[in-house]
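Have a look at this one.
Chain lettering (A, B, C, D and E) follows the sequence in which the chains are written, and residue indices restart at 1 in each chain.
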Amino acid sequence: MPWYELSSADDSKLNELAEKYHLHPLHLEDSRSADERIKVEQTPEYTFAVLKPIKFTQGETGKQDTVSFSTIDIFAGNHDGEPFFITIADPNCPATEEALARARREGSDDKPARLLYLIMDTIVDLYFPAIDHYDERIDDLEDRAIGRPDPSTLQEVFAIKRQLIDLRRVLVGTRDAALHLQRDPGTIVDAEHQPFIRDIYDHVVRLLDSVETQRDLVNNSLDIYLSSVANRTNEVMKVLTVLGTIALPVIAISGIYGMNLKGLPFEDSPHSVAIVAALTIGSTLALLILLKRRNWF
Amino acid sequence: MPWYELSSADDSKLNELAEKYHLHPLHLEDSRSADERIKVEQTPEYTFAVLKPIKFTQGETGKQDTVSFSTIDIFAGNHDGEPFFITIADPNCPATEEALARARREGSDDKPARLLYLIMDTIVDLYFPAIDHYDERIDDLEDRAIGRPDPSTLQEVFAIKRQLIDLRRVLVGTRDAALHLQRDPGTIVDAEHQPFIRDIYDHVVRLLDSVETQRDLVNNSLDIYLSSVANRTNEVMKVLTVLGTIALPVIAISGIYGMNLKGLPFEDSPHSVAIVAALTIGSTLALLILLKRRNWF
Amino acid sequence: MPWYELSSADDSKLNELAEKYHLHPLHLEDSRSADERIKVEQTPEYTFAVLKPIKFTQGETGKQDTVSFSTIDIFAGNHDGEPFFITIADPNCPATEEALARARREGSDDKPARLLYLIMDTIVDLYFPAIDHYDERIDDLEDRAIGRPDPSTLQEVFAIKRQLIDLRRVLVGTRDAALHLQRDPGTIVDAEHQPFIRDIYDHVVRLLDSVETQRDLVNNSLDIYLSSVANRTNEVMKVLTVLGTIALPVIAISGIYGMNLKGLPFEDSPHSVAIVAALTIGSTLALLILLKRRNWF
Amino acid sequence: MPWYELSSADDSKLNELAEKYHLHPLHLEDSRSADERIKVEQTPEYTFAVLKPIKFTQGETGKQDTVSFSTIDIFAGNHDGEPFFITIADPNCPATEEALARARREGSDDKPARLLYLIMDTIVDLYFPAIDHYDERIDDLEDRAIGRPDPSTLQEVFAIKRQLIDLRRVLVGTRDAALHLQRDPGTIVDAEHQPFIRDIYDHVVRLLDSVETQRDLVNNSLDIYLSSVANRTNEVMKVLTVLGTIALPVIAISGIYGMNLKGLPFEDSPHSVAIVAALTIGSTLALLILLKRRNWF
Amino acid sequence: MPWYELSSADDSKLNELAEKYHLHPLHLEDSRSADERIKVEQTPEYTFAVLKPIKFTQGETGKQDTVSFSTIDIFAGNHDGEPFFITIADPNCPATEEALARARREGSDDKPARLLYLIMDTIVDLYFPAIDHYDERIDDLEDRAIGRPDPSTLQEVFAIKRQLIDLRRVLVGTRDAALHLQRDPGTIVDAEHQPFIRDIYDHVVRLLDSVETQRDLVNNSLDIYLSSVANRTNEVMKVLTVLGTIALPVIAISGIYGMNLKGLPFEDSPHSVAIVAALTIGSTLALLILLKRRNWF
């Protein structure tokens, strides 16, 4: 069975293949578009599948890795009773490379459905590390949101939210593609391969479940963050008030004895300084005990 | 095939056509109404479609462009076995003009379905720049929400939210129209044009996906804004408290030595000023170190 | 065709009609109940419809108009092959009166379905002014929420929310009634009148769309209000802090020179007042410049 | 027709009846369980229904009444062509008692479906006072949330929320039970009684509608409460700032004239006191006018 | 009937059984995976079920118990007309042990469906204590959120939220498994056991209901917490303002009489101290009465 591995949709070979295997112009247009959506479409002669392998990009020091998605287009069908298989994939994406390598190794020569299954299964399996990646970042995030809520925590919250929206979109697309391959009787997938596609479907559903949980947890982190900030404002207010409380007696009493009036109490006593000091310290302590009783610190 | 291009539903020609092609009174009423909803309706003789081409209006300097929607009514059918095509469209809307021009250029003379497809496809393709437009504004918004949250940021948040609600409404209508053209066996769209309508449907679904993501992101921006304000209030409170902390020793000590009492400590020492200054500066520094330790600045 | 126009379900005439046309006891009970739900029900002999015409009540000066709902019960059917039509409606509700007047004017004598359509269409058309009414109030609300957020803004937010909940309930009921008339083959509505009922359905769906948008916008107003309050608290805090900053130097320096100590710097200089004044004003300016640099005002 | 009225599922009579009428062991287990769910289940021989009559418990003075739910189990069927009816109900619940009394009074001797309808209808009708009860409490709540938001308002908000969750659960169960009786062709309910069950269904749907509206309104109250607190914090901050503004001139000016320096302006003027007083009052007024202009009080 | 009880999927015996009973490779892979999802799958020869018994882990002193989930894999089918039953379960999980013990005790020798029912029923019944466990924690949480909101309350809120997400996921899986066993005609469950599986389904639905309610209540607790913090900030602000109010007169008046000016009012009066004291105390009281009137404390 011929397997045409193209590394770009701009390869002139694609036009020859399109003519030979009657590829639909809209599918060619899709494979050449920069912004393809995951899909499975069926013509009487072949199954057209677009999938999105994951791509980790090493972050700079102190920065998180970023997650993006490559694209692979697959045409799998029969032409005059003879199977054929065409892939258009970026050879620089490790996930794509791994999927193709496994398909070459484990695929059999006359079953395009098996090749399609192997590539799709590898691509889906390679989404799992992304879940672990986000699990770690979210755990880290929760600690930071409680311990030291600063604007960078907030930026991380929204960065993860944005990336989970993207990941979820890819997973929903992949789930629908797997469902389509299961349900539509006309696709390349025969009864023998149905349980395998169903297995892929189960994996994607589990991944989606995890992503939903992670979205919940990120939203929790935001709530934690906001509660922490509210809490800290509260703490700061209390410190300010305690400070005011400590300052009040000394300012009031020193103000009183600073007045240019005759006849202030104790003024002429030889122990005037000691008496005034005792008065000041005593009233300060009294106020502090009052605050303490009302659980302020 | 006759193609009647009217520029207004008030054109008296419409009445003649209505009589000739048995246009339904409710459809005429629709095409004359100021506030039409996107729809596809089928009578035994023709397909009636209302679509909404997008319209960018240049904003004043320093102001964002605004996005609004024009209207185009299409009657496409067969009368006694002869195809006919009627469009009622505002010729001042560039998107409408582009759609009609492409239909004139690429349409074939005896297939109203092809004309309908060409117009609808152009209208949908011209929604994509709106997505880019909002992407830019939302990116800008996120930066402003973190960097300098002021009330104008808030107004921009709610302006975008309002416009995305409108855009989403148009897209949902267009999606349902495309679905209707795909599903309903009685419409003008024949088997040959089905994949093209399906392609339009796919594009609209992708657009809706993007709009949903953008709505999420705008809501994120609002959360960022509110968190930033909470954070800043917190910062202001801290500055106020640090200020209070710095002021406390100098006010308390100068108050004490301002009292008209005899016998204050160090009062008669020749180094009294130096001692009191050291006391003041020392206690201020002690308080500042305390705050520093608790991570206040 | 007899059309019995009753102005109250307590009219003794209703009992005669009930006997003559076999009206179901539960429908009689409904029409006599104070708190009817919008519905369409079918018996083999007639269609029973309950609708809710809108009623504007002029508000006092400075107060908003209030929106409430009247009730109209319709029995439309055939008795021994002869059509009959019964309405029970409050003649004091302008919307009801308009609907009945139009039915009398445009209705034909032997089609109860046409009468039902005319009444329902008028009632639905008269919901549109309510949407405009709320549009105006919401626009006004947004301006107030940004410009001068006070508790009365809040009360208006919740008043509109409450009224939109009611309006939505009526619209959902009307939509379901229209759907029922479209779908259920046994109702009085024949094939000729189906497109008209479908037109009503479209209008109600558009109204519901608008109400949903308005609910979104009211929630936006609440967010605007809360953000504005948070913002203002922030502003107040800044003013307080700037005030503290301005006060600090003059209080500290006047405190220092108020001490009863000998040997304060510049004390004996002939320019002591000028020097101290320069010191005070200088340090105040320095602090203000610092705050200015950090964008505080 | 025999009607067995048991007051407890522990009655030994139940075992005899179970044997005689072949009651399913799982239904017996249900009727003995402390925490039954509302349901309708069908065996070839009988219909088993569990319903939850409402129970008001008088609150202590100054406290709200509490709403709870009793349980009634009904077995209604035909045994060898002979109808039978078994109820297990707590005779101390007024709603249960009323339902049974009405069934005894209005029921006919050979129709278990009529008995079932009468009991279910009474139970559902007695839910309406609960809606009124919550309407009153929510109105009161809104007033308190705006007028004097204190923690007890908050506790009332959450108490009502919790009770509405319970009520909603009971209503959803009852709605599903009514639906089951309508849809399932095998139940005891024959064509004659279908419209009556449908009437019950309509009532429950209306009740659920009201509960949803009330949940919305309680959430509104929470929003009102939080906005009121935010507003009041804002007010307090303003008072504090106005206070600081009033204090500043007198403190600064009295500090300046308290300095032990020679040559302060106006110091030796005979009108020094008047001049200084004028200065102080003047600058205080200037600041207050400034705040007034910016709408602070 | 042979029942193979394996304690680990790594048991080499599993390979023999897989060969003998034609177990599907994907099911073997599932049973060996560390992160299985609850499911029921059907092959022509057997039903494969994965369930998750609950596991309580005693918390340290002062710490809450934690809830986790074990796994049990069940293969129940007929091989050449002869029933067989295989379980793979961790013998260290008490819930698993209880389920297996009950199955051994009450199971009959030739009905794998009964064994499956007994195990599943026990596992579901043992979820109920988890609900009670969370009920207690949530009650405790609400008290703490109102009484003494501190960050540990917040951490408990999010811990419970996270655990309820997990529990809900397990329950949804179990509900779907029960539904599958009810609906799919090919499973091991025959008509006799259908009511029992339906009973399990009812229990799971009731559990899910409770979990949903608990999630609502936890969210309520978070709202209570945030409202309490807002409330307390408000209280602290008021104390600060009252403090400022008390301080103002004494500071202003003592400042005035501290000025080195001649001719201050009452200065030379013999009762100057008494007069000034009366002035200070009087104006302080006046301010306090003003605050009291406006309900500040």
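Assorted remarks:
Assume contacts are C-beta pairs under 8 Å (C-beta built on N, C-alpha and C of every residue); 3 or more make two chains touch, one makes a residue touch a chain.
Here the structure is a predicted model, which is why all the values come from computation and not from measurement.
Touch-path distance (fewest steps) from subunit A to subunit E is 1. Looking at the partners of subunit B and subunit E together, the chains they share are A. Centroids built from CA atoms put subunit D at 23 Å from subunit C.
The geometric centre of subunit C is 37 Å away from that of subunit E, both derived from CA atoms.
Counting partners per residue, subunit C has 226, 230, 233, 237, 240, 244, 251, 255, 258-260, 264 as the residues that reach two or more other chains. Contact topology of the protein chains: cyclic, one closed ring where each chain has exactly two touching partners.
Following neighbours round the ring, subunit A first and subunit B right after, the list reads A, B, C, D, E.
The part of subunit C that touches subunit D in the complex is made up of residues 24, 26, 35, 37, 39, 148, 151, 154-155, 158, 161-162, 165, 169, 222, 225-226, 229-230, 232-233, 236-237, 239-240, 243-244, 246-247, 250-251, 254-255, 257-260, 264, 267, 270, 272-273, 276. Subunit A contributes residues 142, 146, 195-196, 199, 202, 205-206, 209, 213, 216-217, 220, 223-224, 226-228, 230-231, 233-234, 237-238, 240-241, 244-245, 248, 251-252, 255-256, 258-265, 295 to its touches with subunit E in the complex.
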